[in-house]
Structures are given as structure tokens and as C-alpha cells.
Amino acid sequence: MQQCNLQTINITRNAVGRKTREMLVIALLLACSLVAVLTTAGIITSLAFEAFRFFQEVSLFDFLFGLEWSPQTALRSDQVGSSGSFGAIPLITGTLLISAIAMAVATPLGLLSAIYLAEYASNPARAIIKPLLELLAGIPTVVYGFFAALVIAPMLRNTGETFGFVISSESALAAGLTMGVMIIPLVSSLSDDVINAVPQTLRDASYGLGATQAETIKQVIFPAAIPGIAGSLLLATSRAIGETMIVVMAAGLAANLTANPFEAVTTVTVQIATLLTGDQEFDSAKTLSAFALGLLLFIITLCLNVVSLKIVDRYKEQYD
Amino acid sequence: MTDHIDIISVDGSARHRAQKRFKSYGLLAIGLSLTFLFIMVGSIVLRGSSAFKQSFVQIKIELSADAIDADNIKRVRFGKLLKQSLRNKFPEATSRKDKKQLYKLVSPTAEYSVRKQVEANPTLIGTSAKLWVRTSSDVDMYLKGYVDANLDESKRRLSDLQLEWISLLQRENKIESRFNTKFFTGGDSREPEQAGVLGAVIGSALSLLVCFMLSFPLGVLAAVYLEEFAPKNRLSRIIEVNINNLAAVPSIVFGLLGLAIFLNFFGLPRSTPMVGGMVLALMTLPTIIIASRTSVRAVPSSIREAAMGIGANKVQTTFHHVVPLAMPGMLTGSIIGMAQALGETAPLLMIGMVAFIVDVPQGITDAATALPVQIFLWADSPERGFLEKTSAAIMVLLAFLIVMNLVAIILRRRFEQRW
Amino acid sequence: MIENNDFAPENTIISSKNVDVFYGDKQALFDINLNVAENSVTALIGPSGCGKSTLLRCFNRMNDVIPICRVDGSITLGGQDIHAPNVDVVSLRQKVGMVFQKPNPFPKSIYDNIAYGPRIHGMTASKAELDEIVEESLKRAGLWNEVMDRLDKPGTGLSGGQQQRLCIARAIAVKPKVILMDEPCSALDPIATATVEELIDELRERFTIIIVTHSMQQAARVSMHTAFFHLGNLVEHGATSDIFTAPKDERTQNYITGRIG
């Protein structure tokens, strides 16, 4: 019998090179994931830096609470009073008006679609309807913008004329309605997830008591899903606020301070896009104001996202 | 026997009506959404399909050998010859105004087309050649039925006289509708009948190439790190929260980032696919990371254990086994991310890809535009002729999106493993 | 096997004849003939996967919710075929209530949990009447004293045993004839289990109870009749005392003595 020599089985870590190589690979991987953090940092610093330059010329107070927006006058830099007006209130109200119209369209349609898909539709029907709805989300927003300007706006104007309303050809209504349709799939797919997260045991309990499907949905599933749905709607609102092309093409440039959906309004994104399209001088308050608006937009949407992600996470944890 | 137990349904009871009504609300909502989709796509296809055709008119043009120096065709003024032929054809146009109207029957670019045809076929010199050239956009629109001839003359862009000439040409079979190859082989133009999408398509393709080269490796490696290596610490949590929030940042903000950092700070060239691709890469990164993480997570741990069991270290296990198995899912996610990037317009406006560019870009540092931006530019043009071109460009964009999504679906079907 | 299916209590309320149940291609129950006596507790026992819960869910057509599930044969409630086209599944479930394995109170107040059923069925005309039903149901479920001063608190805040009794109270609030219980104590600790078992014993006077349980001791404690299932077959059905002391079938014997299951 040969004696087994334990000494020859080496299980200690002797390959120092291999260890370093492994560390290098991991460091590279970490660096790649840090790009996301860097991007956020880049967004914040670049926006804050340019916005800071803007606020040296225009006071923060005037920007946040001013009621008039007309950056065009700043072009004549040699003239007295060349500073223009940089009150963001009309832009904010315009943005909110259009987003509100969009949500008024997307909330009922998206929710009802989600409920139908989650609770009523048979599997084959679901397999057809779901991708079709998602097509709505896959169509580029520039296409929606074109359609809004070309079809929806004239249609609204003509309808308005028939009933004696004056609807401007670039109305908040046209942009809001179109944007609402664009957001439907977002609302419906987020709510679908939320509704599916409601445990089956609650449905069983309700059916076991002899409730109809509609009663179960309205009185058990929907109330249970409300926090999650609220989170989804916030996320959709943030999407509406940040949407650019539809409003650029259908809402117009007139900074009207109005709550009338038949009038033309402008939004934060429209102003950023117009101020920075074409050639710019980087010293004028006019150009820099776009960055201040960008910062405002970033902060608003970030807050909405953070809050909605928190709500949805907490909601899902509840049923895990 | 027990007492009678009533379980018979009361047809049409309020509760059952409510149940049916509620279900029909859901169907109605879906129906409305899909109706909008069909009307939108339908109206665009309806308007856009005519752009694939273009009217041509046949002109008999005297290419006398003394007027044309065969060795120096570039310097020949074909425009003059063209106008002469038109006057020969319709000698009744004598006043300045009438002549001007006459010249407007053909495209302002027709003279270049004549020169090209002569260059291609020098034997034409010395003959009186019958050449086909594009009609002007106004004539093209009229021939496609977009102009109502019954309108008052002052309300349409073609005069009665012009309409008379057109109908004469039609009777002589000298007007033809042909497939508009220029739309697919040309760059942008101020003249609708001359405008094409190739420049924009190449611009988009180059941007997407840059975008993919950056975001795919970055996204995949980041996903691998987060799923396989990241310790459960604060940094990992910050990265994760960051990615989730980045996914919901408005696209125009990415444009601002590109403008401030890439163009102003690093001084990279404006309006180029390189910068466009970089901005789009940052935008699609969260999508790719999230999709890749899902597909890494789907690789069962038995594979990892098997590799570890034969002595592979963590890095080897990951790159020899996990990543190859997760690759189809990662690619699918990336293609979907690319499809989103292809439709993006707003950030490209910020970095100057809105310029009017006639030439087809040759590389990632040439000034270029992108397909959705081209759509935006044409949608903004007042000329009637650009309306159908815009719709047609949208059809091209949608076709590309459909192809990309189909590729993603096929990839998923073919390589998806059910563990 | 047929001889075992002859057990027919004189006052049958639910009866199944030649019931086969399929999940897709898989058959879960084979030719089940079972008669359940009114105002009694019948226990369905057997090793897990034997189909006892499946049969239970057939009695109030909860299986309708599962698209791949198919039920053949006839089930009658008080002599009426529950699959007849004119039967309203909603009314059926009102008459045949159900309590589930895991307590599943709605994320609403204790009051609303109980009031939900009477409300949807339009059983009460006034708030006072509804209050009365809620109080009576909670009392009958032995929960009233514990929750009377916090009826507006969420039902999900109760302990596991309390939650299950809340679910029982919720089920009896709609005044069913039959209550189906699907392993109602499997998620509860021994003390809560004892309370629920006592409750079942009390409820017997007014309701017919069919209980699925994996605990033979529980079946012996609470039931008057016991049916033993094995691999989708009804092996033996009879008075609980007979099944536990003098089983006719060898499989029942083996199960009772702990050799299978």
C-alpha cells in the first residue's frame, strides 16, 4: 500500500497574480456601474453651474415667482432694459395644465385597461391586447407631436367652432389629449403590475363570500392597490411633465398665464428646446435661463420619481 | 331533505348589470386607446404613401453640339436650355409673368438632372433629346390630388394657365408618376420633390452605432457587477437608486447635459453623430442595465455552483458561464433600448443635430441630422409638399422600429432558455 | 370502493355524484360520490395532494376561477345541481361560504371586513341592522369581546388566530347554509387552533361545516363524519368514530396508524 502524501495537495492561495487580476476585473466592473452615478453628478453640476451663472443676472425670486416670461427682449444686449423677463410661473402653470389634461385622459383609460387585462381578459386576449397597447408607448413622441398638430388641433378647432368656442390652433387641449394617449400604456402596465401584486387570497375571500367580479375589483382589489396605483400615477405625471416633442409641436410658444385649456400655453420643456435650438451665445441670460429651467425640471421630476418609487416599493413589500 | 336553498340566478338583477357594465368600461377604454393608435398610424400611412411616387414630365430639349462643350459639361448652362425648351413647347407664354409660371412647372433642380443625364449618355449631344425631369412640388401635389382645381384661382398655388398646360401634357402622355428613388437615396433639400431621408437614416445609424458601442459594454458590465459582485453596502445601494432614478429623468435633460459637458466643456464637435450617440448612450444605459440584470438573475445558481465546483473562481465563473448564458437576454434588452434611442428627438435638438444638412454624413464626426429630427424639421416646413414627406419619413422610422422589435422578439424566442 | 360510497346520511345537503376533476390533462379526482349531512361537521382527510381541497373548492365553484380546471359529474346543493345553467355562482357562494388556509382579512377595518358581504348582497336596509349583523357575527365567532372597542382598526392588525376567527365571522355574516373550511388552522399556533376548534363545534348547530384538515387529531376532535381520500379517490366515508376505530379499507388503516402520508 502506498502512503498518501497529504503535503502534495495544495489548497492554499499561492497565485498572487491571479488574485490581482481578479481585483482588477472587479474594479473595472465597479467603474462601469459608477458611470450611472457620474451621469447624475454630471447632470446636477452642469445644470447647477449654468443656472448659478443665470441667477447672477436674474434673481432667484424673480425667476420662481415672476409672472411674465419673455426672454426674447434680451437679444438686444446693447439696449437699456435688455434683461428681458424671466418669470417662470406661466411656464409652470402651462406645464401643469397640459400634464393635468394628459393625466385626466390617461388615468381612467389606463386604469380601466389594466383592470380589464388583469381581471377579465382571457390569456389569448391578453397576449394580443397587451403588445398592441405597448405599441402606443413604442411610437416616438415626434410622431405624436406631428399627429397632434396635423389632425387633433384642427379637429378641436373645428369642433369648437361648431359649438361656438374659440379654440386656438395651438391649444393646451390638443397637446394634453395627445400626451394622455401616449401615457396610457405607462399607466396601464404599471397598474397591471400593482393589481397583480394583490394576493390571490384576497380575491378568493371576496369570491368566497359571493361577491361578483366587479364588486371584488371595486371594493377589495382596487382599495388594496391604491397606494401602488398612486405611485404609478405620480411616475406617469413626471413623464408628462418632462415630455418635450409633443408640446413643442402642438402647444406653442406663447407664455400665457391661463387655466383655459382652449388657449395656447407653453411649457418648461418647450422653452428649453426653443432657447437652445440653433446658435446661442453662452453668456446671455436668455441662453442660461434654459439651464435654470432644466434644473427646475430635473428637481421636480426627480422628487416625483423618488416619492413614487418609494410608494411602489413599500406597497410591494407589504404583499411579499 | 333540507329546506329549499335559493341559488337560482335572477337574470338582469342590478348586481349582474353592474358587473357587465364594469367589464364593458374596461373594453371601452382599450378600444378607445387602440382606435387612437389605428387612426394615428392610418392617417400617417394615408398621407405618406403618396410620397413614394413622384411626377415626372417629358421635355424635348435641343442639345445642339455648338451649345454644349462635351469636354466641359459642368459649365454648360442647362437651365437656359431647359427654359428654352419649355418656351418652345408652349409658345403662347410670352409675358414675363406667364414665362415665370411656365418655368415653375418643373423642379428648380431639373437642370442638374438634365446635366446628369447628358453626362451619363454623351451620345445625346447634337440631338433633340426627350428627357424626363421632376415636376415642381406644386405640380406634383396637384397631380396627386391634393389641390382642388375648383377653388378660386387666388386660393391655390397653381394658376388656371398652369393647369391648362398640365392637362395638355397629360393628354400627350408626357407626364408620368414614377417610384421616387430620390426619397431613399437623397439627403435633405429645400425643395420637397428633391428631399430624401438617406442623410437622416445614416445620421441615425451612426448615432446608434456610437450609442451601442458605449452603452452595451458599460451596461452589461455594470449589470454583472451589481448582480454578481456588488457587496451589500451603501455604495451599491446608491448606484442602484441612481440607475432607477436616471431611467425616469426627462430626455431633454440629457440633452442639456450633452450641451454643457460634451460640447462646451470638452469642446467636441457640434451636430455630430458622435456626440448624439454619447448622449443617447447615457440615456439608454439604465434600460440596458435593468434588462441585463434581469437576464443575469435568470441564470440558475446551479450553473454557478457547477463551475465553482470544478475550481473556477468567481470571475471565471461569471465570464465563462453566466455572461454567455445571459447574453441573448442582454442583447434583447439592448435592442429595445436602441429602438427607444432611435425615436428620441429632444436631446438631439440640444446638441445641434437640427441643422439643415444636404450631404449624407460619411463618418461620426460629420455634421448630421437624425431621422426623428428630420421629421421634426419637415413637420415645421410650410411647403405643402413636405407634409407627405414628413408622413413618409415617419413610415420609414416606424419600419425601422418594427424591424428592431421583431429582431428582439426573434432573438428572445430563439435563444431564451427556460430554466 | 363503491361500497364505501354508499354512506348516505338521512338529511343530505350537499351531494356529489361521479365527480371527476381535471387540471388540464391531469386528473385530480376520480369518480367521487359523497353525501354531506346537514348541520354536522364533516372532515375530509388524507395525505397531501389527495384532492381533498380540490373537492372542497368544487362545492362553491371556486374552481371556476382557474381556467384550466374542469369538473365533470354532478354536485347538488339541497337537491339542485350547482352547475345548472340557471344557477348564479354569486348566490351559490353566498349560501356556501368559505374559510381559507391562510387568514385573509381585507386590508380594511374589522367592521368593514364583516360588513362587506352583507353590503354587496344588499342584506340590510339600515346602518343599525348592519351593526347588528356585525356584532352578532363577531359574537358567534367568539371575537366580539376582543375587538368591540376597535372595530375601526384594520383587520390585518389582529393576531393570526384572531384574523382567522375574523374570516369565519365574515363568512357567517352572509348567513350561509354551508361553510367550507380549507385547513383553517394550519397557519395557527396550538392555542389559537384550540379556540378555532371550539368555535367550529359551536357553529355546528346552525351551519353545515365541511373541513379539510391534515391533522387526524383535529378531524377526530371536531367532526361527526370523516371522509378519507387517497390519490384522488374517496376511499372511505362514515361516522368519525367508525373511521378511526374500525376502518374498513386497508389504506385508511395504514393512514390512521401513520404508515402513509
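As written, the chains take the letters A, B and C, and residue 1 is the first residue of each chain.
FYI, a residue touches a chain if its C-beta (ideal position, glycine included) is under 8 Å from a C-beta of that chain, and two chains touch if they have at least 3 such contacts.
The shown structure was predicted, so the numbers you read here are calculated from the model rather than taken from an experiment.
Per-pair tallies of C-beta contacts place A-B first.
Among the chains in view, A has its Cα centre nearest the centre of the complete protein Cα set. The mean-CA centres of subunit A and subunit C are about 49 angstrom from one another, to the nearest whole unit. In whole angstrom, the spacing between the mean C-alpha positions of subunit A and subunit B is 23. One finds 62 Å separating the Cα centroids of subunit B and subunit C.
The multi-chain contact residues of subunit A, meaning those touching 2 or more other chains, are 212, 215.
Annotation for subunit C: residues 90-92, 95, 120 touch two or more other chains. Looking at subunit B, one finds that residues 15-16 touch two or more other chains.
Subunit A contributes residues 18, 21-22, 25-26, 28-30, 32-37, 39-40, 42-43, 46-47, 49-50, 108-113, 115-117, 120, 129, 132-133, 135-136, 138-147, 149-151, 181, 184-185, 212-215, 217-218, 235, 238-239, 241-245, 248-249, 269, 272-273, 276-278, 282, 290-291, 294, 297-298, 301-302, 305-306, 309 to its touches with subunit B in the complex. In the complex of the two chains, the subunit C residues touching subunit A come out as 60, 62, 65, 67, 90-95, 97-100, 102, 104-108, 116-117, 120-121, 167, 170-171, 174, 180. Put simply, subunit B touches subunit C in their complex at residues 1-10, 15-16. Partner subunit B is touched in their complex by these residues of subunit C: 11-13, 38, 77-80, 82, 86-88, 90-92, 95, 120, 122, 177. Within the complex, the subunit B residues that touch subunit A are 15-16, 18-19, 21-23, 25-30, 32-34, 36-37, 39-41, 43-44, 217-218, 221-222, 224-226, 229-230, 238-239, 242-246, 248-257, 259-261, 264-265, 282, 285-286, 289, 313-315, 339, 342-346, 349-350, 354, 372-373, 375-376, 379-380, 387, 390-391, 394, 397-398, 401, 405.
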